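Heads up, there are several structures right after this.
Shared between the two complexes below is subunit A, which has subunit B as its partner in the first and subunit C in the second.
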Partner chain A sequence: MIQLIEYALNGALLGLLYALIAMGFVVIYRASKVFNFAQGELVVVGAFLVWFFTLDLGLPLYVGLALALAGAAIFGLVIEPLLFRRLVGQSTFAMVMVTIGLLILLRGLVLVIFGPSVRPFPALISTSPVNIGDITLNRGLLFGGIFTIVLAIGVSLYFSRTRPGLRMTVVAEDHQIAQSMGISVRRSIAYAWAMGMVLSTLAAVFYLNGKSVTFLVSEIGFAALPVALLAGLESVGGLIPAGIIVGVAQGLAAGYIDPLIGGSFSAVFPYLVMVTILFLRPSGLFGWRIVERV
Partner chain B sequence: MASKRNGRVLAASVAAATLLTACGGDDEGGGGGGGGEGASGGATYNQAWLVDFSGPYADVYDELQAAREATNEWWNDQVGSEIGVQLSGEVYDHRYDAAQVASLWPGILSEIQPIMAMGVGGPDVAALQQRLPSDKVPMLMNTAGYGYAWEPDQWVFNPRATYVHEAAGFVDWFKEAQKIDGPVKVAMISSEASPAYVDMVDGIEGFAEANPDVAEVVAVEFAEVQPADLSSQVRRIVGAEADVILIQTNTTQAVVTMQALESLNQDIPIMLSSHNSLQATADAAGGLEKLEGDFESFGFVVPAEEEGEAYEFYKMLTEDYGLEAEWTVPTVQGIAHQLYANRVVEQAVEMVGAENLTGQAIYDAILEVQLTSEDLFGFLPDLDWTPEAPFPTSGLTTSIGTVADGTYARAELNHEIPELEKW
Partner chain C sequence: MSMQPAGVFAQSYVRDMAIFRTWKQGLALGIFLLALLLVPAVLGARYVAIANIMLITAVVVLGLQITTGFAGQVNLGQAAFMGMGAYTAGALSSGQQWPFLVTVPIAGIVAALFGAIFGLAAVRIRGFYLALTTIAAQFIFVFAVLNLPTSWTGGAQGLRVETASIFGFVFNTDNRMYYLILAITAIMTIGAYGIVRSRHGRAFVAVRDDDLAAGFTGVNVVGTKATAFFVGAFYAGVGGALWAYYIRFVSADQFTLFNSVYYMGMVIVGGLGSIAGAFVGVFLIRAAQEILTAVGPSIADVFPALGSSVVFASVNIVLGAAIALMLILEPRGVMHRYNVLKRAYRLWPYPH
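After this line comes the complex of A and B, so read on.
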């Protein structure tokens, strides 16, 4: 029984980490209607910024982290004039294609600037475990999970209760309508990417705590995809239950199905859960239901 | 009007200069497979240096390729000039991607007509293994081999046996060194992301079945290659009371496993391979002291002590041939790779003459040559290929590195590998 609880809890914490990474997807989509295929690369850029300011420059951890977050926000702001300014009002497909280009560009840039070497990532949270009775939990993931829940509530309130958040929501509905209402689509997209970059950097902090960083870390972006799709691409709050569902499913599959079939079924299982739920609810668990006139 | 004319003159000048530069470039490129006249008067042949500068092993290839090139330069200078052959080379980055290899290869053949290809690993073997016999270009590897490639009459050659041999050699040594009475309880963490990783698991399971007194596989855990957490998997390994964990995938799995062991307050030694060596994993983990009591096992010299014939050769390359690489596993791997390849070329020259080198001649020479460890400055053990396998099947040894008292050290040099059946 203890083992079952531990598998489920560790899975849930992993799922919340996916939810934090998926929050980058959702914030960018929610505010600009761009499905960002380069989400994993944003995590890598954020991770390297943290490494650069903390371990490479040798600044105190929290000073380095603050500078990395500021750098990430500036990087996000720069993406808009570089890539999206001329695409305002264009088809969603064009914008999505640009994110694929961004994925390739960022991968190349990271290799050129930081090199291919595997770098140690600073431990901002102690790597010693948290023991609750007989249950052992990863401290980094536990703190990351709590942080993700608080952040998701905050971001959700920002989008639903504040004027800037509501403006961004209008942009996600339709660029032309937003412009006709006097909302700056460009500024909204720029803020969305800045938020996405900051969230990705925070995700890197919890994901890589005390581990290592290389450009290959970007694979986590795709691991977080089922959570974003399951939640519904517009729902920040929905990421929490979606992350927990995916994580617990993965944790239990790793604990009980993998040993039986001798393979990493757990890596595929979240996608099966996602496909099953999307089959029943194509807009995800908490996505917007949009009625369109054909 | 005058400016238009000036523009045309400028354009014509640029075109002429480009043409002249292009013509001049041919002299440097050498004559390829046909045996062109080299700068030193010998025939020049091309080799294709396949590399991974932008894929999962990009972190090792800067040093590895620098070592290959410096060794080749030394050979051209000291040996090639004596026997009338110069070896040139072109670098091709295939990003550790079989599709990329398949796409590049026809261009490589027509561009430089190589007499041999210097391979990287699984993707180039998978992409080219079937066509190399008809292309008549042998591919020489620096990696260990794979069980699925253990077939007769191959044109892919490894100087090391399979990764399974290297791990089995380690387990055999570990049993002796730790004085374990029964079989060594072995756990493995691997991935299904690559057939090579699955092959390693299959091979060790086969080895344990055939040698129940030496090894018992108590846990096999397949995980992602970039896992966020391996607590559940490592907990099962701890529950199975494993003596040692074999991880031959990458540094990330090794670091995350170490973290999981730490979080469970366990200290089970880990065995790593050449591509995720102790040095590389220590870099990723933030220090060698974190790998205290862990091991690595591979079929070439462990670059721990800064002494011996191999180290002297490396020093010579850094001083006389501008090698800019540390005394690390990738550097040793690169030197060993180029050394044995060039020794094979010497054998080919002996067999067919300096003017008649072809891919077929290199292939024949590989099967004919018997290289001693002295020929290879102690970088590799004795090598003797036969048509039965892509790697030498007799006299197989593995060397074992460890971290003792916070220092990288050689635990064993050339430990004999037990005989393995195909799996």
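After this line comes the complex of A and C, so read on.
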């Protein structure tokens, strides 16, 4: 019984981490109607920025982290004029394809700038595990999970209650309508990417806490995908339940099914859960159901 | 659509629908094919190896062109479909000793059935959600390889594959493989042109442009999407089978999600919705890759920290920048730019 709870809780914490990474997808989608395939690479860029400012430059941890977050925001802001400015007004298909280009480009750039070697990642949170009774939890993931829940509520309120957030929501609904109402699509896209970059950097901090970073870390971007789809691409608040569902399912599969069939069933299981739920609810659990008119 | 030079008029519907509208087009194709046949004789062994990989990739990208370029369904599982074909061909040829002519179509069909599952998901799932569901194919593929009986897939060890042979003729050199791959690529290309011109091809384009409107005009939208995935994955499967016979070793890490992304990049650079564009995209990207491999050591002198990964890094930068530039400057790809140039040349000196 204790073991069941431990698998479920650790799974849920991992799921919340996926939710934090998926929040990068959702925030960018929610403010620009662009699905960002390069999310995993954004996490890598954020992780290397943290590594660069803390361990490489040798700045104090929190100063380095603040600088890294600022650098991440600037990096996000630069993406819009470089890639999206000329595409505003064209089909969103082209914009989404640009993110595939960005994925490949960033992977190359990260290799050229930071090199292929494995870099240590600073531990901002103590790496000793948390023990509650007989249950052992990863401290970084625990703090990350709590942080994700608070952040999701905050970002969700931002998009639904505040003026700037609502402006971004209009852009996500329709670029043309947004433009005609005097909302700058360009600015919305720029801010969206800056927010996405900052979120990705934070996700890297919790995920890699005390571990190491290489360009292969980007694979977590696609591992977090089921959470984003399950929640629905427009829903920030929905990421929390979706993350917990996926995480618990994965944790239990890793604990009980993997020893039986061997191999990596727990890696596939979130996708099976996702496809099943998408069949029942095609736009995720909390996504906008868009009624199309011809 | 293709514009004809001034003075070329079709006198009958048969002529209007002909593949070669003028004898010069046929001649150009003939010369091109002849040049392809002469590649092993004129160029060295190294170029034949490059050409083999290019042709195999072209078959796979051709399939992606049909799914994404014509039917408008973003597919990020193409490498997994290719792997499915490669493993099928590998397992049947070394395990069961089945002949090449049987395993290749079977590999195509196995991959196609696997792909059609994702097309059928289109019954309920649409748009981005569907595109992202195809990523699941990658994870299911790796899981299947590692968990199916080791005697079929070789598990994590990979799978050795027999040489291809047809009626006792063994394709055991690069040159022989080149002609075999070229022949199959030619068949697949003719097939692609046929599909695109057919009723199904028209349905693909209708669904791509607007699936609701297509549905209203009587196109079976779900069936069309499933067909698009079926056909695209069939091409991937055949390409995978050729890969298996050419490399003669198959393992799961030859077919990664990143490869799927690369194939997508080739389609974009070549031009979405153009069969020739698939070839142009493959050629340009692979050629860039080869050139960078050749000059890689001298780049490594400039950036010593990179070491051996310099080629991978620089290819990524070039391809990523190329995709972004193409989409920003010429979203319809190299082939469209070529057609524009051709038209301008024909009309010169008049602007219209």
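Keep in mind that, in the parts below, the second predicted complex is superposed on the first by the 293 of 294 C-alpha atoms of A that agree within 3 Å, B and C clash if a C-alpha of one lies under 4 Å from a C-alpha of the other, contacts with A are read in each partner's own complex, and residues count from 1 in each chain.
Keep in mind that, in the parts below, contacts are C-beta pairs under 8 Å (C-beta built on N, C-alpha and C of every residue); 3 or more make two chains touch, one makes a residue touch a chain.
Computed from a predicted model, the values in this text were never measured in an experiment.
> Check subunit A with both subunit B and subunit C modelled on it and let me know: fit or clash.
They clash: once the shared chain is superposed, the two partners overlap in space.
> Quick check for you: in the superposed arrangement, does A:17 touch first (subunit B), second (subunit C), both or neither?
After superposing on A, A:17 lies in contact with subunit B but is clear of subunit C.
> Looking at A:60, would you say it contacts subunit B, subunit C, both, or neither? Reply first, second, both or neither.
Touch partners of A:60: none, neither subunit B nor subunit C.
> Is A:154 contacted by the first partner subunit B, the second partner subunit C, both or neither?
It touches nothing on subunit B or subunit C.
> Should A:128 be classified as contacting the first partner (subunit B), the second (subunit C), both, or neither?
In the superposition, A:128 touches subunit B alone.
> Once chain A of both complexes is superposed, is A:81 in touch with subunit B (first), subunit C (second), both, or neither?
It touches nothing on subunit B or subunit C.
> Applying the document's definition of touch, where does A:116 land relative to subunit B and subunit C: first, second, both, or neither?
After superposing on A, A:116 lies in contact with both subunit B and subunit C.
> Which partner chains sit in contact with A:282 here, subunit B, subunit C, both or neither? Use first/second/both/neither.
second
> Taking the superposition as given, does A:89 touch the first partner, subunit B, the second, subunit C, both, or neither?
After superposition on chain A, A:89 lies in contact with neither partner.
> Subunit B clashes with which stretch of subunit C: 4-12, 40-48 or 274-282?
Clashing stretch: 40-48.
> For subunit A, what residues appear in both contact lists, the one with subunit B and the one with subunit C?
Looking at subunit A, the two contact sets intersect at 107-108, 111, 115-116, 262-264, 267.
> Can you name the residues of subunit A that touch subunit B in the complex?
Those in contact with subunit B are residues 3, 6-7, 10, 13-14, 17, 107-108, 111, 115-120, 127-129, 136, 138-139, 141, 207, 210-212, 214-217, 219-220, 223, 251, 254-255, 258-259, 262-264, 267.
> In the complex, go through subunit B and note every residue touching subunit A.
53-54, 56, 58-59, 61-62, 191-192, 220-226, 228-229, 231-233, 235-236, 251-252, 255-256, 259, 262-265, 280, 283-287
> If you look only at subunit A, which of its residues touch subunit C in the complex?
35, 37, 82-83, 86-87, 90, 94, 96-98, 100-109, 111-112, 115-116, 222, 225, 229, 233, 261-265, 267-268, 271-272, 274-275, 278-279, 282-284, 292, 294
> Touching subunit A in the complex: which residues of subunit C?
74, 121, 124-126, 128-129, 131-133, 135-136, 139-140, 142-143, 146-147, 210, 212-213, 216, 257-258, 261-262, 264-265, 268, 303, 305-307, 309, 312-324, 327-329, 331
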